[in-house]
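Worksheet: the structure to be examined is printed underneath.
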């Protein structure tokens, strides 16, 4: 871990451990906005950290964003941090119609890829119905991503604007996943930017942020399980002395290690389009492991883990939700398998060696890796 | 177990335990014909037991045939008993062009469903190439099954006849699975019969016989594994005291129990066309369990199980072969899933209750169960 | 050495009984009393239980003298499997019908039988399970709840936990240590009938992660039990609880909890070819599990103890129940959550949240696997 | 507490090295010396080993004084992974290069180093592993082979088993009990260099279930070892064998054994849409396993002990290797057998037969999982 990340981790953990206790999580489950937590994060400059430096942010990149999302999720922090960090970064990576002066995108952001929409002219009014938009009810701005060939359009929608209506919905962890109805919502020229990446890249980045959250939640679930196995005595011995429990915990550690390595290598190379499939791998492995690790954690815990007051369920309910969001493992495995078969049998090994960030700058032979 | 089956089991075990030792199995692996074993089985009337009583047999049915195949396989008996029992039964269930006098089909039988052939006129010459015919090199007669709408034709081919040529091949267990080349092989009027069942029924019966063999081999593998776990000491304790080993063995017992129940219910209702899917279930579950049980047996045994001289491998190599033969689990699951979806969601429960032999005579609502 | 599952043939009159139950359930659903739900045996619905009682669906195997019908375990099996397969809310009478009533019938006083069993049969008297304690899961012999002799009988102190529905039930049967733990861990335990309407009890529902309040904590503070409320006699607790667990492990709820999810999955798949293989696999496993379960019911009907077979069906069935939602979510992906009207989405969300509990009830996997290997001849 | 896998960056000159190995292997295949096969690190091919030696592919990390190239573990990693990924028959020099040479370098006498290491580097000197015994599998501390002081040094008696290729190798390194087992099970053990050309040895190949003769039984009957053939000093055996096992567990052969099967599967699938998801899953797992393995190589290069990470990669990789043929057979069903010319069918049959051995080498799963949980802080 480099020094920047270590410093971020310390700051974040200080904020989170005090403000993500059982009471706070229960209130968030009930629909309350975790305003104190968010304010503390804002005071520390966290949500705005991926805003470009010339626009008043810290100019952190996605690798740091991934790390922050992971740490926040290990505390089950009920705030749209992952969404805000990514949306800010995308907005500031994109070209605005009128580059200066730089206007802030918003404070509490959410985003959504609108596959069904055609690119809009600046100033046009937008009507659409968007399902399962994360945290919409607590966000002030929605960043709409509209596919446009090998680019995409980013459209800033103020959620307090006329023509915006929400129907509340939630995931299994009670995180808001609202339906957003847009009826002739007007956009100004400063609200539309063009991003030099295809929408499937943005989806991969969203998936990577979810993978980061899953790794964080899995780390916490494994740590809690180890602690419980050391404390709880059964048949006169600590649980952890039983081979069956050891086997559960070792299996959890293995899957978590694989998912973590996959996450870190994808985050380290998020700027290289030829290594984009690493994000697919990261989300796929995290999604598959999430189910196994959640089940094994509950298996280790027995009945106590099934209660709402115990601290395992905020993590496992998130894992069960996040694994489906932004493409589950079947979705990303399918895409990766399609790529491998498209590249052909003899290209598999060179592709495997090239795709790894350990190989340094990528060679020509891997440039077909984006095609499917 | 009823008395007939108990008597058969005793006879068979007496013959097999003396003649399926390591030396005999090794010779069979090398390509030798297990003549002594077969003669002993013939003397006891086993291979001919499914011949109709009026044709000189015992008139046993497929339920007994399934049982005999299971017991023989538990000793890895290297002879075409399953094939002979089924072929004899089919031949005597079919209608001959000239019913009397009854001529024997043969002594050592094999069979093959020739999907590519059109029904032949009696007396016609047959040319075909048949892949992976079990035991062909040691058999005297091949029963060729030619689909004919909702019936099929059974054609008796003497393997010593002019125009028959073999290319030897084998499965992973060194059981002959030869390629049979037929070039203008002549058939007499007594060589062709018509069976009032579709070819897919015959395939299901062949699959059921393989399922029986797999259950037999799995029973032996589980028993050997339990014995080994009791004997072998590691870290100062018998292997069986380790929770990880217990877990392997319990898992094996569970899968074996499910496969056995599936086999027995399919065998008990093999005469009822509406319950034919039970044979699909039996082969599918046996095939899937075979892999798990073979792997777990080897896991329990460690290195000794990987040696050729140890008695586990004749069983596990057969399991790895048989699970692919006559349709593996993917094939039969697919067929069963197609049926369930064709029947529709609300038909699933009535179908489940009707298909079970525990329900007695089948009701009307299950008669759609043959359709896919 | 290897477990055998003798086939059982359902009695001829089961056919009519099954038709009767199906008609009853169809009418219930048509009347809008409830909709089919996965894991329905945790759903408490007094009205439904009373209507079941009116139909004679509760306590079916018990003597007529106590309100029963003197039918076989196979008859009961058929009623229970129909209820579960249709996702009917059997939670209120579930424990009483499955295990507590049997304990009272076999080990209770004649007064107890006469006063309680007929009320169970009418669907108006409900039970909770009083086995587990805060630090006692699978290792039941280590229960810490203590019973001491008192003037009137016994004074009981301790805490029972995970007692399903205790806040809505009338009784529970509690496993209590009545003599200090000696050489044998299994000696000195006693089962008591606990009347939840009496003083000396503090019952607090425990919210589970699905936000339902099914489990309770029951604190006994100087609860006074009468001598005649001892089941089977002081010190007989271990034998009795073993019998009770065998009942708890043997039923079809061990693989039918999420059957309704499979039904709704098939409906939503609408014949999709990519799903055939996996759907077929689930159906095949169900076919075998159901046959094994019928065999266990047949053993009970013949008076044979199915300890091994019940443990085996439970462990194997539990695995099936846990696999089913995981298969479903890959065949028909969606983001599960609250507040959907779609039956498949509802069942999937509910089953995902309940799946961790599938392995809790009736003993952990390790306990079950220990039973299995012991019977297999592992020394 | 949770394992960390620091990313490693391969040195810049690895790119040229990799290209060199690929060209070498392509020329080997083109010349018809061998065809790619799964599990190729059990295939003994002296000619190939000598040609590898001539290229400088063996003992790469050792000092130049002993014939090595003083390259890093990461360089060796790249050569090894290229060999395995191309299914090259590295069996003859495999053990010597991976573990025995390192033991000699670190714990052998200077004479031993000078006489043996250069021959290993030229691909002409081969080793077997002398750890296991007939009744000693994972529990190495219980070895029964005994060494007693003799006039010339030590007299060794006992039986070693599962020693790969001992009938074709020149040496083995044997773990021997040289003092009676006392309080500590790990004390009193010593590693010896055993010269297989000397008297006092009976070597019998053991046929495996794939009908290959890779493993041997080695009976030592009054075998005389010299004092200078003790590695590291008498009583140091446990420490040394632990070091050796870490080397044995850390390599990419723990997930690349059947890589060739995946290649041939993809070739035969020819883009079949039904297989995409499962192929993608295998590829994803490989991506992560390879990165973890590179991280382990990086730890070795930095002189950090990778005991936890190596155990973790081995156990996880082994699972991948065992799953691969099972996935393949369902995606592309066929009846596996001998005598086919199709590469996919060949690799599938070979891998199915070898799969049971994947978990044998380098310690059973339970041993590995014990190491993992201990490092995780399980007390």
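A, B, C and D label the chains in the order they appear, each numbered from 1.
One rule holds for everything that comes next: a residue touches a chain if its C-beta (ideal position, glycine included) is under 8 Å from a C-beta of that chain, and two chains touch if they have at least 3 such contacts.
Since the structure is predicted, the reported quantities are computational estimates derived from the model, not experimental observations.
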| item | value |
| --- | --- |
| Each chain counted as touching chain B and chain C at once | A |
| Between chain C and chain A, distance of the C-alpha-averaged centres to the nearest whole Å | 40 |
| Chain A and chain B, separation of their C-alpha mean positions in angstrom | 52 |
| Contacts with 2+ other chains: residues of chain C | 366 |
| Multi-chain contact residues (two or more partners), chain B | 242-244, 247, 329-330 |
| Touch-based graph of the chains, sorted into line, ring, star, complete or other | other |
| Residues of chain A defined as touching chain D within the complex | 219, 222-223, 226, 229-230, 238, 240, 243, 246-247, 249-251, 253-262, 264-265, 268, 278, 280-281, 284-285, 288, 329-330, 332-342, 344-346, 348-349, 352-353, 355-360, 363 |
| Of chain C, residues touching chain A in the complex | 132, 135, 137-139, 142, 161-162, 206-209, 211, 215, 322, 326, 329-330, 333-339, 349, 352-353, 355-357, 359-360, 364-366 |
| Parts of chain A lying in touch with chain B, wherever the complex brings them together | 242-244, 247 |
| Residue numbers on chain A that touch chain C, as the complex places them | 132, 168-172, 174, 177, 232-235, 242, 244, 291, 294-295, 298-299, 302-303, 305-309, 313, 316-317, 320-321, 324-325, 328-331 |
| Complex contacts: residues of chain D adjacent to chain A | 1-3, 5, 7-10, 12, 15, 18, 81, 85-86, 259, 262-264, 266-267, 269-272, 275-281, 283-292, 294-295, 309, 312, 315-316, 319, 366, 368-370, 372-373, 376-379 |
